[in-house]
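Below you'll find the structure I mean.
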């Protein structure tokens, strides 16, 4: 070992001169991406690391029955056919969905995708007794496909899925289930760990060369079923770089070509060096989720409204160097679900003070609230400075905000436990940012009383019969236009009731070198890597 | 081994730790005399006193509110009028936060050593004085803790307990107990075996009074000197834990945490980001010099 | 001698066992659900319970310890909760990277420390001694993570000469001994070498100074021996102590590089430990600490034995 090492050192010293500054020229085009995750997201099918995982190891290597349409930067993205060509709900029984599968699709290992593969993959996450049951994959996705009751094969190209109750949101849930190759899993001796090292899906990219914690390489799948989405880059290298300053320095020194979420402060320097910053708002909300358990101070609507009016969102925008969109509600005003709330979220400290005084608080006699926050986390933007900013701006109108700072993973478990749990005693709110891509994840899981923990993520134990009724109705409405109208009513009501302290929508900043061409940043958490060219 | 492997190494304190001393009063007069002549040590003692005073009197000295943010002033460079040391990522005055930061940083650095000295002395005295199985049990347990590199042990405990000032103090205390126990034990054992102690015991002196009269006085000097050399390590480690996000929590001013949060700003305002580290450096350096000076003055060989 | 080696080895066994107990209990005093690294907040509880069974976390703690110890002894360090990959495999690569960094830091720190310490001890009390001593004290007083930041600011941010992070284009899988990769090693290795440099300097200085004061040095000189030969004798006498401190420091380098690895995003054990802590990946945390402390126990053992071989007087009862 030592001898080899010394030898290596000697050779290295000799070689330094020869290699100095010379870069190996190659005809291959390579795009290197620095992700925010601390590790390569899981590659065996269902990724972890939230939506960043879906973005980089999910929708690249795999397809869902229903995919996201990520081709436009100008409009909110919606779903489109993936491995399914058509889906429809039965006229007689609105819980039965018939799904027509795309024909002629092959997995990366050459085996066929068909109804058996669909059933096999659903068993993988739902049937604990099936040999291919993958508990870690099930854990990642089961919470995203909550309506599914049962499934069966109709013929080779058709499957039928039954939901627990009529659920018009169900097609959105199908976008989260990804399909791994059963034949390949068999060939690897039924070992999911081996499968992660050599994944096989149907997606536009094949995964090669996984080095845990360091890199994953993606190469084009020339036989991809959608000829328009055959990747235009020869190789994409994904690297986990969790620290913002490390990502920044990696980009500036040319170690990567693209980074997710650059440190806002470094952006002027990046721009000065010719890097471009790409942004676009997307369905994301950074808020304080308020506790509504019986003794919570937030049960007073004046206090909730005062907090919303006390936040200087424009000031925060300066803090983030423009990398945010001030919130006007739970979803973006461009969303079809925004509606017409009469409560306008803006900075009005005088009105906020007045409301607080009415509720019995002032700067000298402040209302003490304790909020749980984390120093980092997926979608959390810059949680520490942003929360400290909130603390300052709320102080002016009569809030005395204290923070309980904990690691992201702990915060999530406290979030799941709900405000009524012992571990959240004395806690008045928490700061977890949310994806509002589909109606269920945008509204139902937080606002419907049936979702109070342990059943769901209604952390604050919020319960309002009017909202419950509206959301149940939306879920049972299969006509899109009508459904959107009901959802707009939901949102209008939620904003007028000031259910959250809404602060900012992220704009999903990424920085890239001028060599990266052809990227279209969709208004989504997910992005399409296939059209990118390196020049 | 003639000198301790010293800072950050927590090296095994070696065997000949008994100070050679004659009459107590003459000894301490000598120590004071030697210290007065040691200009370098005096200089660092003065520096340290300044650091302490500035932390204690931070509310009177600081030009601004340590928590007051200003979006317009964020990452102001060093030397801007009104912001002699610049402003941090939230526009808070760096000078103010440095002064206030000393409070937590010094507390988190010194308290573990104090705790460990008390606990280690007690354990060492018990082990040394009673010998036999008691000694065996205590000292073998200490050996186990010695099997961890100190940084690793501190981070492992703090990492398991989670972030927080108290957790940091607990984890560092655990790290420092074994070496202090070892010193105390070795001195105590040696003294216990000396003739005059045996003689005192024969005249019927109780255990407690034996410890108080004969042992404690001899143990104190080497332990204090060793402990003073630990403070420097402790300051660095405590700030290091905060730097990893395992110590103090925002928005408290603390030097290690300030380094951590300013790291993202090194591309914008690099020299502001460096400032908190200078304070850690000065403090730890002063403690090291002071400890060295004390050792020479007290003529303790370890 | 052989008896001593055997005794020393046997003594290491209960220590190692004690270490295992501490590491195991560490993880169990940790607040929060150990499964949180894997399970998204919205996973149904039936899935979570199944996972708990799969990881054996539903059993009583002593049973878990016995199971864990048994598996560990057979080389199975368990499976990372966050990634599902075996911890042992993850550690192998990380240990290799840390070793690379530690050895390079040693190559800088130890020779420099020996040189400075030797010169300072030989010229005890002169100006050169004071310079060396000051350097050493600075070395042990500087917060190394801050020094790392400082070097990054100077050499990466301001001068743009050296990269600030990582192991280079290929990561550790494609490490090669060319400048493209080596330049990534420069800053972390220098940062990491400062503390051992300081400690080695101090120890060697004190040892050499003490030997120089001993009678036999005068005797050698009186016999008309040339000064270079005197130096050789002194070096020979100082070697066991120097070796001991170097061995110990190598152990500390392996286990104590976490802060430096985090500053430079160096994919070694420390960086992995940090990730494990942030993600609360307890099996990974256990495995990493276990391997590092066992390394340390082993290094201590080897140093003891080596020291005894070099200097039989040091043999302890």
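Structure notes:
Every chain is named by a letter (A, B and C) in the order it is written, and numbering of its residues begins at 1.
We adopt the following convention: a contact is a pair of C-beta atoms (placed from the backbone, for glycine too) under 8 Å apart; a residue touches a chain by one contact, two chains touch by 3 or more.
What you see is a predicted model; the values in this text were computed from it and never measured.
Of all chains present, the one whose mean CA position sits nearest the global mean of protein CA atoms is C.
Chain pair with the larger contact count among A-B and A-C is A-C, by C-beta pairs in contact. Centroids built from CA atoms put subunit C at 22 Å from subunit B.
Once the centre of each chain is set as its mean CA position, subunit A and subunit B turn out to be 45 Å apart. Distance between chain centres (mean CA atoms), subunit A to subunit C: 39 Å.
Residue positions 31-32, 152, 157, 278 of subunit C are each in touch with at least two other chains. The set of subunit A residues touching two or more other chains comprises 243, 249, 407, 410.
Those residues of subunit B in touch with two or more other chains are numbered 162, 245, 263, 266-267. Taken together, the subunit C residues at the contact with subunit B in this complex read 14-16, 18-19, 21-23, 26-27, 29-32, 137-138, 140-147, 149-150, 152-153, 157-158, 195, 198-199, 202-203, 205-207, 209-210, 241, 244-245, 248-249, 251-252, 254-256, 258-259, 262, 273-274, 276-278, 285, 289, 292-293, 296-297, 300. Against subunit A, the residues of subunit C that register as touching in their complex are 31-33, 36-45, 47-48, 50-51, 54, 82-86, 89-90, 93-94, 103, 107, 152, 156-157, 160, 163-166, 168-169, 171-173, 177-180, 182, 265, 267, 272, 275, 278-280. Residues 5, 8-9, 11-12, 15-16, 19-21, 23, 38-39, 42, 44, 48, 50, 128, 135-136, 138-140, 142-144, 146, 192-193, 196, 209, 211-215, 239, 241-243, 246, 249-250, 253, 255, 407-410, 412-413, 415-416, 445, 454, 456-457 of subunit A touch subunit C in their complex. By the touch rule above, subunit B contacts subunit C in their complex via residues 1-3, 5-9, 11, 140-141, 143-145, 147-152, 155-157, 159-162, 232, 236, 239-240, 243-246, 259, 263, 266-267, 270-271, 273-274, 276-277, 280-281, 284-285, 288-289, 292. On subunit A, the positions that touch subunit B within their shared complex are 243-245, 248-249, 252, 263, 265-266, 268-269, 315, 318-319, 375, 384-385, 388-389, 391-392, 403, 405-407, 410.
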